[in-house]
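Here it is: the structure, laid out below.
Letters A, B and C mark the chains as written, and numbering starts fresh at 1 in each.
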Amino acid sequence: MKKVQPLIFELSSPGRKGYSLPALDVPDVPVESLVPKGELRQVPPDLPEVGEVDIVRHYTKLSQLNHGVDIGFYPLGSCTMKYSPKVNEQVSRLPGFAYAHPYQPEKASQGILQLMYEMEQYLAEIGGVSRVSLQPAAGAHGEYTGLLIIKAYHKKNGQKRTKVIIPDSAHGTNPASSVMAGFDIVNVKSNERGGVDLEDLTRVMSEDVAALMLTNPNTLGLFDENIHKIAEIVHAKGGLLYYDGANANAIMGWSRPADAGFDVVHFNLHKTFSTPHGGGGPGSGPVGVVEHLVPFLPVPTVDYDGKKYFLNYDHPDSIGKVKGYYGNFGVVVKAYTYVRALGPDGLKKASEDAVLNANYIMRNILEYYDLPYNRHCKHEFVAAPFRIMKATGVKTLDIAKRLLDHGVHPPTVYFPLIVHEALMIEPTETESKESLDYFIDALNSIAKEAYENPEIAKTAPHDTVVGRLDESGAVRKFNPRWRREA
Amino acid sequence: MYPKSYFYTKSHEYVKVEGKTGYIGLTHFAQDQLGDIVFAELPEIGREVKQGETFGVVESVKAVSDCYSPVSGKVVKVNEKIVDAPETLNKDPHGEGWMIAVEIADMGELKNLMTGEEYEAFPKEPH
Amino acid sequence: MKYTPHTDADRKAMLQSIGVKSVEELFADIPKEVAFTRRLAVPEAMSELELQKHLGNLAAKNADATSHVCFLGGGTYDHFIPAVVDHVISRSEFYTAYTPYQPEVSQAVLQTIYEYQTLICELTGMDVSNASMYDGASAVAEAAIMARATTGRNKILISKSVHPEYRQTLATYNLGLEMETVEMPLKNGTTDTEAVKKLLDGKTAGVIVQSPNFFGAIETPRALVDAVHAAGALLVVIADPISLGLLEAPGNYGADIVMGEGQALGNPMSYGGPHLGFFATREKMARRMAGRIVGATVDNRGQRGFVLTLQTREQHIRREKATSNICSNEALNALAAGVYLTTLGKQGIREVAELCVKKAHYAAKKVVATGKFKLAFNAPFFKEFTVKGAFCPCKVQDELLKHNILGALDVGHWYPELANHLSFAVTEKRSKQEIDELASVLEGVQ
């Protein structure tokens, strides 16, 4: 029976030890003779003292309170919660990868550099770009890197452009990254088909615009049929196109962003390329660029001279570094293994089945749920419970909480902002038909139940270890750490 | 519902005029839309504010809202109660829930605002 | 190898249910101008066995800390990782979960982050920590942003002894942030405190120092506290988390932000990533801090529970006005750090730190005793030290490599005025035998 667990500090008892270290084998000297007394710690940090058995039980019992892709369906729109293959976990732990030091000699790191070089090429092929950098640590980091590249490019051409255009359906990282890169944001509206409104784009596009940031398919799961026209409008006035690759799972092998006119592309390896989400990371957000932007990529690049791989810092126009060392190599290993596992047909099939699965769910919940955009979706779609809300008062939040009682993770809720009470559903390609049918049945039965007895959903969840949590209280009575009672 | 003697903005703030001082807060509709207010960012005393420009921010758990000043002037008082107990904005928006007091620079600006009656009738769209 | 379960029968049934004849119909809205019609030019699919072989071959081409003895430092260290750590982070519930947006089914992730936050606060002497940032380098940039937001000023003073890659990252971020950065000079391998006091002015938002610094030397940031605060700026201290088992926590002597690279806490070196930026500050500045924060609360049944809190700082709500664009961070690495700190505990972290400092000093003695190297600076050091010799570092590195030793970091690569300077890091993993062997090889360098 699952229960709320104590904090590890509450299991602590003075003198308990969960570790073992070898005895000092060099001559012992007092620390005061090595470090100035004034720099020494006066009071030891109040870390727990727990034996190994209790440590293991603590984390094991606690872990059982969590949902994950390995436990059940996790249709979080915009996150691509696909299955993380276990062989990826295994190979990433090979000592030749996991225990390599970033400053060790390049001649003793040829396998690592080869893996990075090849991965850059695979991503370049999938995105249609010239070169890729594996340095950014996450999608938002990739966005920021891409925007700095765009800024450097315009500066090199003697242009100071101050604006970035972002659609009203964009993920919050897009405007946040743009502001961090020093740009002002201009919104562009969506049309009734859910794509970018070309008239509005023409109106806001100017020679002061550095770039247009787009996700395609967008956060509504819809591929923009005017994508090549959008590219023309932006390029005609000297702007660049940035592709937010969060939704790349819909198009691998079907369409390449650079072919559609995008100049800068980032990928989320922890989404499209199956690396595990880890409860919030680590991710990896490689950024790829077309030929004329290559000089601005972060340093070092991974190059090959015909005989050996090496790290190349000789890029005078590079924007520099966006983090230490070369990127989240340990994550890249998993994504590389995934690409090698799938091959060209497997990658295309992944996108194909992702799109098939999303459309299958979409068509089977129409009896109760409403679709703001009634057209074939790609890998995800947005629905809303308008009729249910009107008749019963049960909202998206309640439906999400009630889904927890069915043992599935709810979809993304209340995003994108342009759809009121949005439910963004992304099943991914790794779900079986049975899994999809179960989810469809759950959604439909919750709807039916709402009409019969709305209170059940309004007070859900009932079968989880904790019920609805007081989020206002968590802000008003801010408590971000445990403190020992005096 | 809405005190007749107050003046109101289209963005759902009010000003209660007492002599040359205006007590500024959010209307009942505004706090209802925001839900439980958990934090308010208020300007310091002495700050100059302008009619129609932001003077502060209120936050609920899942949303942030800019507050626009109904009048121009200098901030002379800040309601500490809001800082310590932001839920006061929800409980008594038109009374104890005032946010700042401003020394009104130009009484003529009040004609740009709605009266109590006009605000009562003003359509209030949920966002 | 594929991970898509559908059979042809499944697909047929689903297409019928959708009401289309083929899956191509679902892609028909892609304009033909942008449709990709050939096969992706990536290598053909491999079976799992072939994958294991291929990746095994690539891994075997690299030196690593199991095949070689590692004395390299520079921000990444070969520390002991207890077996419990990998065991915990390998649990599916931890590594295949995502951001805890639905707290009712995410209590494990949320509670372990809360525990991690507490552990970091204890280590650093601070009130509130975030759930992690990408690494030490990018966390420096976030500290600069926070200093600007808190003080309203635009200038950062950063010591030349801060890791060069951290300073370079800050410079790159400044292409966007457009903050002014002034480098603080050094005296004898550490920040010149008197020079800093002269550089402080009414435009300074923050002063960033690192201790122990890139050379391994222990600095005295506490000597700057009064002057920095009198100038109205924030003091940011980049700390080595292992050193905080022995050295005073910066929060206890007046730092406003304590941050740094957390890789040493239970995370493998992994050729530079994924690592972990830890970041902590005072409670009154919590709203200016970027990154996720978990808070304790109660549920509707009266039980304690955990949720993401102060979310209005973050990009998914605040969008262009967010404290930062950070979304995914290094959660699993933070979990590893939490397990590590829990496993070592109050006694263990002190023991590790003592082993490091004593072994490092023994090693320094042995290296200097070869007669070929002198300590570069007079400053005290923790687990890393810099020496000067007559040899170009690549020569020393090559000689070491022949003996399966990784070491002799080329400090001069980043500090041209410090040609032929090398650094060595000595952790609790280095045995007396390994240290003696290092000295013996160095003695033989011609």
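Odds and ends about this structure:
Heads up, the rule we're going with is that contacts are C-beta pairs under 8 Å (C-beta built on N, C-alpha and C of every residue); 3 or more make two chains touch, one makes a residue touch a chain.
Just so you know, these numbers come straight off a predicted model, no measurement behind them.
The count of contacting C-beta pairs peaks for the chain pair A-C.
Averaging C-alpha coordinates per chain and comparing to chain C, the farthest chain turns out to be B.
Here A is the chain whose Cα centre lies closest to the centre of all protein Cα atoms.
Look at where the CA atoms of chain A average out and do the same for chain B: the two points lie 39 Å apart. As a whole-number value, the distance joining the C-alpha centres of chain A and chain C reads 19 Å. Chain centres here are Cα averages; for chain B and chain C they lie 44 Å apart.
In chain A, the residues that touch at least two other chains are 471, 474-475.
Multi-chain contact residues of chain C (touching two or more other chains): 317-318, 321. Those residues of chain B in touch with two or more other chains are numbered 39, 59-62.
The touching residues of chain B, when paired with chain A in their complex, are 36, 38-39, 59-62, 86-87.
Those residues of chain C that touch chain B in the complex are listed here as 287, 311-312, 317-318, 321. Put simply, chain A touches chain B in their complex at residues 414, 471-472, 474-476.
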